[in-house]
């Protein structure tokens, strides 16, 4: 039975470095992927793309197009030297580098005057399994660096918009690009929630048609996914809020208007999550009341059967007693013992009596409404 | 059985555009209705009404009566060009246009110096089905534009008041008209809540007269409606509060007095919703305790019957044993086997004994109070 | 059965005017009572009382004693013209008049420079029925007007104190009189809570002596009353707080000292309500565990009886079988069939065996502790 | 049974004066104790103690030692004249006097420029009964008056410290003495909580060794005590906080350092109460799951017995039927009726068959794990 | 049975001194360990270590290296004189000394101009037992003193870093060292939580494979550990926050950057604890629903057996009745009594009828789905 049920999996966060480690120490996870570098250099006229696993190539291109705005994608965090090179060349605090590599951060925003640092969590849903990976941004004057754990191409649409050059994307600076990626991440939440909504609908359909114990498991699974989503989105809200409220030179008033829009989406996601959580609780409550009701029905069947058969079984037992009409040893007549057995129609009367009793009981329970709820 | 129960329907919010879409992109929903335009131009002396699906006609009328105050109703959002024309002509931010067309916004208020933007949700109740549609307002110096998803004539009373010219409606400017519509929306909440209160009353009546499982379903349904209402009204509260607190040139001190009144109504709605939620919980608790009690009663019936009949059935079984008084093979007398069967009044004594036992048990359980709660 | 249980009644608040009505519109409820006017004009030397249903008489008296402080009682709100006259003569905002007449306001406080407006709810308990009526105050420089829905004489004590002239009541101005009435209303809460405490005590007594289902209903009823009281008293707290904090010219520092005292009482009422709510929850929890325990006991009785009688009933069944010692057709002896029946002391051994089995079982369950909790 | 269970007692707060009473009215409770006065006059050199029920004696001593600091203890509040004399002589607001006499105050702190007023609640635990009495302090420049409901000598340790002259107690002024008494009251909470912790431990021991219904009652009783303690300590926290934050001339910076320490203790008490509440809930949850499990076990016993005996009882019933091998009237042979009864080893086969069935069933349920949890 | 279950242990906090004790009184616990002193004196060039139980030795070394920064470890708090010497020599407030010795403090931070004081709780997990000990820090200009209850070497890694001289540890002052120790304590929380996560996983595995009552106990135990952890970590958060926000001369801006990082870790720990708590609740809910379902199944077995066997047992009872075909006394024929018994194939028909009834019932319950969930 246990096999048929989808297990609720707890993904215990891996241990965070070693106890007592120096802060700012960069621990590369053993199974971290080798980094892939991609650089997009753009201005209002053109976009240049430059791939390569070599940081020197990237630096050359940065020098070459020093009047362009740059977007450096780092996909995969498995090379300590690269991270350190990036840190040294762009003068990034070691704590930031540690946060980039340690991929269990909550979404947060830190302003360091000449650059700001932000992390988000990308939550995706593949094959009934949630995956939760980290994306970090370093935004400088004319540069944005995005760090991602794996190679998933989450921002293909943004590259497309960059190349097509529509909208503000090429002209509004790296903070706008950062916003655009955050907004894309929020869109993923909407899509995930729509998926979860469908599964809730499905659970609810089963709740009415054929409620079995899988409802409990599935509800709990959805509930947990909600817990995870809520934990990921709540700090996003604070993050976006900080980006709007704080007086950060790298974020222009124009971008703040867009961030306000992203903030609204964030609130909307939180709202949907909370609604879904309440609906899940409501499903569980209904399910538990169904179990109780079913128990009541089972008990009623048992009780009805017992109540009907016990008295008449007793009666047939009475007439199965062997009180003798005549003592076999002395042949003495004992006319007072069970005279009913020797009455010409005793058997018929007995059957009729049992029938009447049974009908009476059925009517009695009918009146009390025991049959009405089957 | 499932057919007789009103299903709880989750309306999963449709997916929000496409992942990674440019912000400010206007997605017209495939099944959005064609827009109907109505323009009311009024000053303290007169009201002119001007219908038409043609934005040019509207613009002409706006020019013609440029000293009037205008109320442009846009019912139906199914024409991208119209929305864009409105945006361009009145110089509206594209994010606002996106919010107008994407009809899953939370109620909110945004001030853009030369105009302000507000959305509300209109929740109506038709044929046991909640519908939840969006209404948006753009308020400028002498103009208010209202955008509505469908053609429902929610504001007929306001048009009537405008035409009759009573009260401040013609003289207090477009912000007052915006307030008047918001207040009408709050009135709808009151009417909806009064309807829900009646249904709660009905559920409660059934709880006492004939509690069956529909109580659970109906309570949960009301609970969900409450969740939905609460989600819709809470941001209204913040919205109205912002309109009162912030220093917005388009909202005069006179209008703020009315907004404060609307704020009080909003708080009152929230209060009622919370009370109803607590009453719903209380009904569910009572229902669950009724199920438990009923189970207890069923079990008592079963136990009483078993306790009464098992011993006497055993007794008749004893006297149904075939221990022989004489061995048929050897004809040896076995006088110690079941002498009761051959006593002249054995049968009578046996019946009397069983009767006494039964009466004794009934009295015992009577004293223990088992009969008192049937 | 339903008849014996006190039903929980939901008093759905009546619909609030009509949807889309002009704000400040005065709706007189069809069953509103005709207003009774009473005017008390007092200074430190004397108190003049002046009754009458005629507003002109009142006005004359106001003119006549224009150096006195006045308390105008309006009991009953069923006359639109009177309300409007009061509004016009004392220059009261129409929204205030609407709030006075619409008797479903939350307690609130509004300051309008030349006067302030406050509402409270008077909750009384008659014949097992809560009634919840509204009292409003308009306080001007040397005048306080109190509006009450019905004719109940809630403030007889204050009139007595006014006439006897003890304390500050005649000299501390109309705001003090307003405070005195609010404090009287709080005293009513204390008296109501003391009543509810007695009923809780009674429910609890029954919980221990004779727990039946009425405990659930009564607890829920008390719970609801608490919900209602809490909803009424929470805004009182904000109201009193506003009166203390805000810089209102009509409320002197001396009166604020008294208001601080009233504030403390208000907090104390909230405290008591919350304690009672927790006690009510605790009673319900105990009750539900009693039901569960009782079920356990019933099941134990049933199980004991079954366990004891089933085996011995089986045994007597065995010896009731008719395996024959001799074939009646062939007269062939069948000495292996049920030889026990033909042993001289078979019956005695059988009875002894059953007795031993029964005693054994009873001892077994005794040891397992099944009897200990009856 | 009800006798053996400790009842949860609700102490309904006595009615607060009469409805509509003048504020500042001093109601002496009918059973209030006669006041005992004790005056300690001390400076850095000496401590003079002066007992007496006569306020004049006290006043003389105050005059006599007018350069000393004084601590006037008033134990018992049963004499209206004394309270009024104290009020007049030290110029105390009547509302303060009312609060001293009305012993149902929440802990609070009021600053009146020339003096401050504070109340606390002393909660003690005697003979399984909580008592909750009020202590009030009036602190002036060189005088502290403490008012207590009864004669309990709660502050013997402080008197001892005063006489021994150790620490700051003689030199740090009356506010320090007030702090010292408050800290003593907090120490009483710690001692009470340690007592409650022991009782929780005891309940938990019984939960594992012999869980019966007393666990529910005892847990609920502890829960209620916690509710009461929390209600008493929360306002203490606000009180101490106010004493630290507000700029009160009578409380020096040195004393504030000590108050900060008292504040920490207060937070610690709140923490402990909340932990104990969560532990109590956890005990109740475990207890309820034990009830459910026990029910399961009882049901399993019943079901096993029924499942085992019903089929074999049926079988012996079959062979107890009286289908005849020969019609006694016609002597016609009926060889098809129950031939098993006339087979030479029918009885043996029958017994063996029943034995096999029983063993089979036991094995089946053994495999399903029904025996594993007994 | 009780033996096999891990008991939930409440560690009731020991009584806090004696009631009414003077504040700042140093109570050495009877079983406190003798203090071990270790002094590390370091500057950017070298680290000197100096052990000894003698405070004079320590003082000499402090004098000797008065330009170094010092870290004085005091492990064990069992010597009142030493604590007082430390207090006098470094001029520490007696309340601070009391807090150091009384090892039941909540984590807190107090700034005293020339030094600051901070406490943390170290929670470790040995042999299925949580131990919770206190560590206090006094940080002065060039000195940090750490006080620890026991001899556990929690900060070996920091000593190692100090000796190796990597990072900022030797140059960033005593506040950085304090931060480093706090961060190490946070790392311990992560390790503890990872351990708890594994145990949750284990409980969950058992929930699906073999749910027995130990799940309830283990979940409750984890829940309590969570309560304890939350109580310990929440004040840490406030503490770190205060250290960042307040303007404390001993904490440089550089150190504050690191504290911000520690703050993030703290938030992350709180997040994980809350997630685990929700997962624990979810496990308990699933477990309770499993109990209910199992009860349903047991009841279904019982009911099925009863429903199947009761009717046929009744039938065999009927044919076991002894209605006679001939009166043995009078030899009168009674042909109407039980003629079935004398029909040639009565027995066969009877068996067939019972078989058909049984099959019918099984099919009926099959259709109702009673077998589907076994």
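Labels A, B, C, D and E are assigned to the chains in the order they are written; within every chain, residues are numbered from 1.
What we mean here is this: contacts are C-beta pairs under 8 Å (C-beta built on N, C-alpha and C of every residue); 3 or more make two chains touch, one makes a residue touch a chain.
Note that this is a predicted model, so its numbers are computed, not measured.
With contact taken as defined at the outset, chain A and chain D are each touched by E. For the pair chain A and chain E, the distance between mean C-alpha positions equals 25 Å. Once the centre of each chain is set as its mean CA position, chain C and chain E turn out to be 40 Å apart.
Multi-chain contact residues of chain E, defined as those touching 2 or more other chains: 292, 295, 299, 302, 306, 310, 313, 317, 320-322, 338. The touch graph of the protein chains shown is a ring with every node of degree two. Per the touch definition, chain E reaches chain D in the complex via residues 2, 5, 7-8, 10, 12-24, 93, 95, 99, 104-106, 108, 110, 212-213, 216-217, 220, 223-224, 227-228, 231, 284, 287-288, 291-292, 294-295, 298-299, 301-302, 305-306, 309-310, 312-313, 316-317, 319-322, 325-326, 333, 335, 338, 340-348, 350-351. Taken in their complex, chain D has these residues touching chain E: 155-158, 161, 166-167, 169, 180, 183-184, 187-188, 190-191, 193-194, 197-198, 200-201, 204, 208-209, 257-258, 260-261, 264-265, 267-268, 271-272, 274-275, 278-279, 282, 285-286, 289-290, 292-293, 295-296, 299-300, 302-303, 306-307, 310-311, 313-314, 317-318, 320-324, 327-329, 332, 334, 336-338, 373.
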